[in-house]
C-alpha cells in the first residue's frame, strides 16, 4: 500500500499539502500564543462567538439561494449577491414610509413583517427575472456562458440600483423592540443577534422541509437529477426552476432584513462581499445541500469573527482584523482543494466515466 | 405558415413596452440627463434625446422587421401602435412624476429629466408632444423598413456617422489643436458642443452619398482581402500599418497616447487571459493578482522609498516577470484540480487575498500598505528616459508585439492543442497522455507572465503603485474585453479592448455608467452572440451547440 | 381511429435533419416496434412524440388530437408515458420516491396506491428494495424501476426506448416477458429496440427506420421473414 | 509472455464494492473480452487500468511496470490507450487534430519550442502531421482529416476514436463497446478491423462487449463479471457452456441461440 | 470599411477648409502672461473642468464635490457675461485614473482651471500634468500633507486646495484628546485609505510627542460590516480613547458596535471630517451619543450653508449631500470665479482673455475669502482651508452636532 501511495503522490500534492500544513501550524501556533497571553477574557470569546453566529445566520440565508440554484441547474448564480442587495435596499424606503405613517414603533412586528415582505418580494422578483431573461435561454450552453452572463447581470443590477437610487447610504431605522440585549447568566446576547440566528435557523428548516417533503420539493429534486426525465413525469421543469429561484430570492430578501437589523445601512455595493462569503459558506457546507449551507455559514461566520483575534493576533500580525476576508477566502481555497464536496456534501463519485 | 394579412397587435404592444421600459430605465439611471448636455448637432438634438428615442425606435423597428410580410398599411399601423405605446410609457413617467415626488426614491426623477423628456414644454403640452413623437417614431420605423435596401443602408450609415462624429466632437477638436491650420477648419464643422448644422449636413450627405454609391460593390472583410493580396502588396500593407502604429502618438498627441497606452496595457493583459480562458478554458477571475505582482515587484526593487533595492527598471524587469510567472505557477498548483465555476470563484478569492495583503499593515514595511510605493524608476534607453505617455507607448508596442507573437505561435503548437483538448474533455485529454496539471499550469503561468509584464510597464508609467489599483474590476475589465472580442481569438482581444477600454475613455460622460453598460453588454453578448465580435472560428461552432449536433450516439 | 398517429415528422438538431417525414401509427392494444441502425432516428422519433423535441413539420396525434400545442410535461397528462433510453432513474431518490415521481401527473391517492401495487406485483424485486436509493441498484433493477415508474402514470401509450440496452441476456428475456405482460393488461406500447430479434418476437407490427425515413412496415411476422431485414438487422446471412 | 496482470484488484465507492478481488491476466498479442451486465464493474475495471481510479487493493502490472495508481497520462505514456462506450472525441477539433492530440506522448515541443519553432520543432510537426494522415488512412478516414470530429457520421467517429487511441502507439488497447449501436454488417466490419489491428500492429486488445456474437467471434479468452466479481473465465466455448454463466448472465435461450449461431 | 472612412476624412478636410476661409478676424489683445492666455470668444462659455472620482467604490466622494461645484456654477450664472461650461474626467480615486484624467485634460487648451482631484493618490500623478499645462488646480478633498509641502516633489505650482491638510486636523485631534480630555491611552483605526491612514499617523505622532501612548492601531475594511473583531482586539489593549478618521459607512457601524463590545462601553470615540455628515447620525442611531468629530469650525461656516446651499443642492440632485466635501467644492468654484473676474481682460465685443499665471497668482493671493467652509486664506504652497479645526460632540438625531472645543 505504501508503495502505491508514494507513486500516486505528485509534486503538486506535496506542495499543496505542505502549504496546508504550514497554514495549519500557523493557526495552531497563533491560537496557542493568543490563549497563553490571555489577552482576551472568556466572555470576550463568547461575545465573538455570538457575533460570528449572527453573521453566519445572514450568510446562511444567502447561501441557501446559491445552494438551491446550484442544486438544480449546476450553475453558480453569481448575481445572487445582487438579488440579496435589491430586497433590503428597496425595503429601506418601505421603512421610511412606515415611519412616516407612524407605524414603525407603534406596530413593530407588523412593520417588520411588511418590510420583510417587501424585501422578499423584490428579491424574489429580481431572481425570477434574472432566470427568465438571462439564464433560461442559456440552459444548454456550455457552463462558462451562463457564468459570464451571471457576472454581467451582477454588474448590471448593481449599477442599475446605483443609478436609480443613488450611491449614498440608505440608513435603516432602529426598532425599539430589538434594541438592547438579554442576559443569560453572564452572557449577553443582543436581541438583533438572536433574531438573526433564530430567523436563519427557522428559514433553513422551512426550506429543508419544502425540498424534502413537499411535492414541489420532490419535483425540484428530480429536476436537479435529470430535467428531461422529470419532464417525462409531467413536471413543468420551467416552473420548478422559477420556483427554485423564487425561493432563493425570498430567502435572500429575508436575509437582507436580518442583515439590516444587525448592520442598519444599505448601499448598492452591499451585496458583493456577503455574496462571496455566502458562496464560500455554501461550498464549505457542501453546495447543493440545504443543511450544509447553514452549517457552512455558521462555521464561516465563526471563523471570521473569532479567527483574526485567535490565529493572527498570536502570530504578531498587526491589525489582524484587516485580514479577516483573507481568512474567508483562504478557507474557500483549501476547502475546494481538500474536500470539494464540503462538510456535508456527498462525495460525487465519477462512476459514470 | 399562414398568409395572414392581419397582425397580432400584442406583439407590437410588447415591442412598444420593451422600448419604453428601456427608455424609462435609461432616464431613471441618469443616462439621459447626463448626456443631455452633449449635443450631437448643436442646438438641434442631444445625445440624451437619442438615448430615450432610440430604444423605442429600435424595438419598434425590430418588431416590424420580424413581421415584414404584413401589408404596408398594416406595417404603418403596427409601427404607430408600438411607437405610441413606447412613448406612452415615458409620458406616464412624466405624468406620475409631475404628481408624486418620485425623487424621494429615484434620485434621477428630477424636474430636469422631465424637462428633457417634454422638450421643456411643461407637463401637459409635453406629454402631447411626447405622444406625437411616439407616433412619429413608429411611422419612421415603418417607413424606414419600406425604403429600398440601398437607400436604407445609406441612411443608416449616415445617421451612425453623424452620431459618432457628433459625440466625438471634443476629441476631434482636441487632436486638431496639434495641427494648427487644420484646427480652424475642423472647428468650423463643430459647435461648442456637437456638430454645427452645416457640419452635420455635410457629413450626412457625404456618408450617405458614399455608402449609396458603394452599395452592391463587392465587400470583403479586412482579413480576407489581406490574405488575398500578393506577397509584395501584403508586405506593403504591413509596412504601412507598422509605420502608422509607429507614428500614432506623434500624430494624435498626448490625449490619445494616454488612451493608446491604456488600451495597449489591457490588450497585453487580454492576450494573457485569453490563453488562460480562451485557449485552456480556465475561467480566472483573479487575474489582477499577477498584474499586481508584476507592478509591485518593480516598485519594491526600484523605489528608494522602501529602501529594499534601487535597481533600474530594466534590471528589475526580469525579476518582475519571473515573480509573476512563478506566482502563476504556485497559485495555479492548488487550484488547477478544480473545474469550471469553482476555479472561477477560487481565483477571485486569490485576487482578493493579494489585494488584501498589499493593503495590509502587516506587510507595510515591504509593500507600503495603503500609501503605496512611489518614486518608481522609469525605463531608460541610454540617456533617454521613457517618461511621457508617447515614449512609453513604444514600450507597450514592443511588449504587445512580443506577446501577440507568442500567443499566436502557441495557439498552433503542440501545447496549444493540449490546451484545446483539455478544454474540450479533460478526462479524455488525460487519457491521451496529456499531463493536465503541468499543461494547465503552463497556461496559467504564461497568462500570469503577460499580466506581470503589463504590471511592470504600468508601474513605470505611473511611477507609483497603490493597492487600490489592484481591484477586482481590473479582472472584470480584462475578462469582459476578451469575451466581447471573442474568446480564444487573438484579433478579438484587440477589438474588445478598443470597444471596452477606448470607448469609455473617449466619452467621458460614459465613465459613470461604464459598469452598467459592461454588465448589459456581457449579458446581451452571451445571449445573442456568445462567440464575440471577432470570433475564433472553432469557438463559434462550439458555443452555439445546444443539442448534440450529431444524432445521439446510441440511437 | 388509431390511438397514436404520427404524420410526416421532420425533426432537426440545429440544422441537421434527423427525421425526414416519419409516419407511423399505433392501434389500441398493440405492441409496435421501431427498429433501425444507430442514428436512424428511432430515439428522435420517440422524443418528438413525447414533446422533448419539436418537429419542424408534421403532427403527432393522440386519439385524433394534435399534440403540438402541448409541452412535454403536459403530454404526460394526455396519457403518454416514456421509459427513456438509459433508464433515467432518479439515482438519489428511493425506489418509492421514484415511483411517486412517476405518478406526479396523477392526483387520486387511491389510484396511486393501486398502481404502486400493480408495479410491485409486476416486479416483486422492487417491493423488496423500496427504500433503497435507485442509483445503487443493478441495471436490470433500474430498468424495472423505470418501467414501473412509467406505469405509475396510468398511461394509454407506453413508449419504451431500448429497454434491453446493457442488460445481461438473461435479463433481456425477463424484460421482454414483462413487456408482453404489460401489453396484455391493456397498455399500448411503442417499442424502440436495437435487439431486433427480440423486439420482433414480442411485437405485433414493426417499422424499419433508416436515416430518418421509414423504409419498411409490416407485421412482425412478415418482417422477420423479410430477407432485407434478416440480412441487415437480424444478422442472418 | 504476459503483458497485463491485474491481481486482486478491489475498488469501492462509498459502501458499494464495484470490483471485488479481480484477477485478470493478458498475454502479449491477445484479444480478450470482459462481459457482464451493466453495473458489473467492467468500465470500472477499465478506469482502474487506465489510471482514472486508484484501486483500494491489488496491483496492476503492465510488463514490468507497476501502474497501480499512476495518473492517466503516465499510464498512457507507458503504453495503454482506450476508447469510450459513448464516443468521446474532441468534437470541435478536426480529425487530424484529434489524432495529433493522441500522438502527444511522442512529441516533444513544449513552451519554448512552440514559441520559437526552431527547425527541430518544425520537422517534428511536419512528421507528426504525416503520421497522423497515415493513421487516418489506416482507420479508413482518408480525406476526412480536416473535418470537425462532430460532423463525422457515427461509424467514422468510432473509427476516429480508435485511430486517436492508436496514435499513442499503445501496447495495450482497451475498447469499450466498440460495436455499440452498429448494425450487423457494420459490426462484422468492426470485428475484422479489430483482428486486423492485432495482426498488423501487434497490439494487444481488451474489449468490453455486449454483443455475444462479437465476443464469441473474436475473443481468445473471456472474463465474466457480475456485481464486481469475476464469476468465470475461459474460452468462448467454455463460457457458453458454463452453467454458472448461463444462469447469471446469458440465459438459456441466448446460450442455445449462440450455440446455434456459432455452429 | 477602411477605404470608405479614408475617403470620408479627405472630403471632410476639404469641406472644412472651405469653411475656414471665412473665419473670424484676429483680436487686438496681446498676451504677455508667462503661461499664456485663454481666449473665450463672444458667446462662448468659460471652460472649467473637474478630475474627480465619479465611478466605482469611492464615487460618492467625487460626485459630492462635483455637485458642490455645480451648485456654485448654477448660483453664479455667468462670469463676466459668459456661461460656465464644466466638463471632466473620472480619476477613479487611483493613480492610473489620475494619470488618465490628467493627461486628457492637459491636452485641452481651452480649460482655464481644474477642480480636483478627489483622492491624493490621483493627485500625485495628475497634478504635475495639469500644472505643466498651465491650469489652476483646486482640490476640494485632497488632504495628504505632501501635496502642499514646500519643496516636496509632489508639490506643484498652480495647485491649491480648499480641503484642510491632514497635519492640522490630526494634530488638533491629538491636542483635543490629550489636553482637553486628558486621556493618555489612545487606539486608532484606519480603513486602508490614504486619508485615514495619514490622519491617524499624524494623530499618533502628535499624541505620542505630547506624552500619550498609542495602545494599538487597527485597520478595517471600508466596505465591511462586522467590526466587532477589530473592536475586541482594541478593547484588549484597554485604551481610554479611540481615534478613527474614517468614512461614514464603517464609521457609523463602528460607533454602534463599540457600544456592544465589553470594555469599550465607556471609551470615547472620535472621528474626523470624513464622518461629519447627517448620514452618520442616522446610521449610528442612539450610539452616536458622545461621539467626537473634528471638522472645520462650523461657527465660521456662513449661515448660507443651511439657508441656501443645502436647499439648492437638494433641488438639483434630489438628495442630501452624499459625502463631506461638497462645500469645499463650492468654495473652490467661487474662488476661481472671483479670481477670473479679477484677472480677466475683456474686449469690447465680449471676448475674454484670461492670463494663466495671473490667475494662479490671484488664487494664491486669496485672503479672507468668505466661503462656506470658513474664511479662506491661501498659503504660498496652496493650502487655502481655514485651519481652524473645531471638535464637536454628537447627540442622537441632531445635526450639526454641538461645538465643544476650542
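Lettered A, B, C, D and E in written order, each chain numbered from 1.
Keep in mind that, in the parts below, a contact is a pair of C-beta atoms (placed from the backbone, for glycine too) under 8 Å apart; a residue touches a chain by one contact, two chains touch by 3 or more.
Computed from a predicted structure; not experimentally measured.
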**Asked** Which two chains have the most C-beta pairs in contact?
**Response** A-B
**Item:** Far-end chain from subunit D, centres as C-alpha averages
**Value:** E
**Asked** Most remote chain relative to subunit C, going by C-alpha centroids?
**Response** E
**Asked** Where the CA atoms of subunit A average out and where those of subunit D average out, how many Å apart are those spots?
**Response** 46
**Asked** Could you state the distance in Å from the CA-based centre of subunit C to that of subunit D?
**Response** 32
**Request:** List the centre-to-centre spacing of subunit D and subunit E in whole Å, with centres computed as mean CA coordinates.
**Result:** 72
**Asked** Which residues of subunit A are in contact with two or more other chains?
**Response** 10, 166, 318-320, 322, 325, 353
**Fill in**
subunit E touches at least 2 other chains through residues 57, 59, 192, 217, 219, 318-319
**Prompt:** subunit C: which residues touch two or more other chains?
**Reply:** 38-39, 165
**Request:** Could you pull out which subunit E residues touch subunit A in their complex?
**Result:** 57, 59-60, 63, 192, 217-221, 223-230, 232-233, 235-236, 248-249, 252-253, 256, 260-263, 279, 282-283, 285-286, 318-320, 322
**Message:** Which stretch or stretches of subunit D touch subunit C in the complex?
**Reply:** 16, 36-39, 153-154, 180-187, 210, 212-213, 226-227, 246-251, 253-255
**Message:** Help me check something: in the complex, which residues belonging to subunit A touch subunit B?
**Reply:** 10, 12, 15-16, 19, 75-76, 93, 96, 133-134, 137-138, 140-149, 151-160, 162-166, 276, 279-280, 283, 317-320, 322-323, 325-326, 329-330, 332-334, 336-337, 340, 353
**Fill in**
As the complex stands, subunit C meets subunit D at residues 37-39, 136, 138-140, 165-173, 194, 231-235
**Message:** For a test of understanding, state which residues of subunit A touch subunit E in their complex under the given definition.
**Reply:** 39-41, 43-44, 47-48, 51, 55, 166-169, 171, 174, 179, 181, 188, 190, 259, 262-265, 267, 269, 272-274, 304-309, 313, 318-322, 324-325
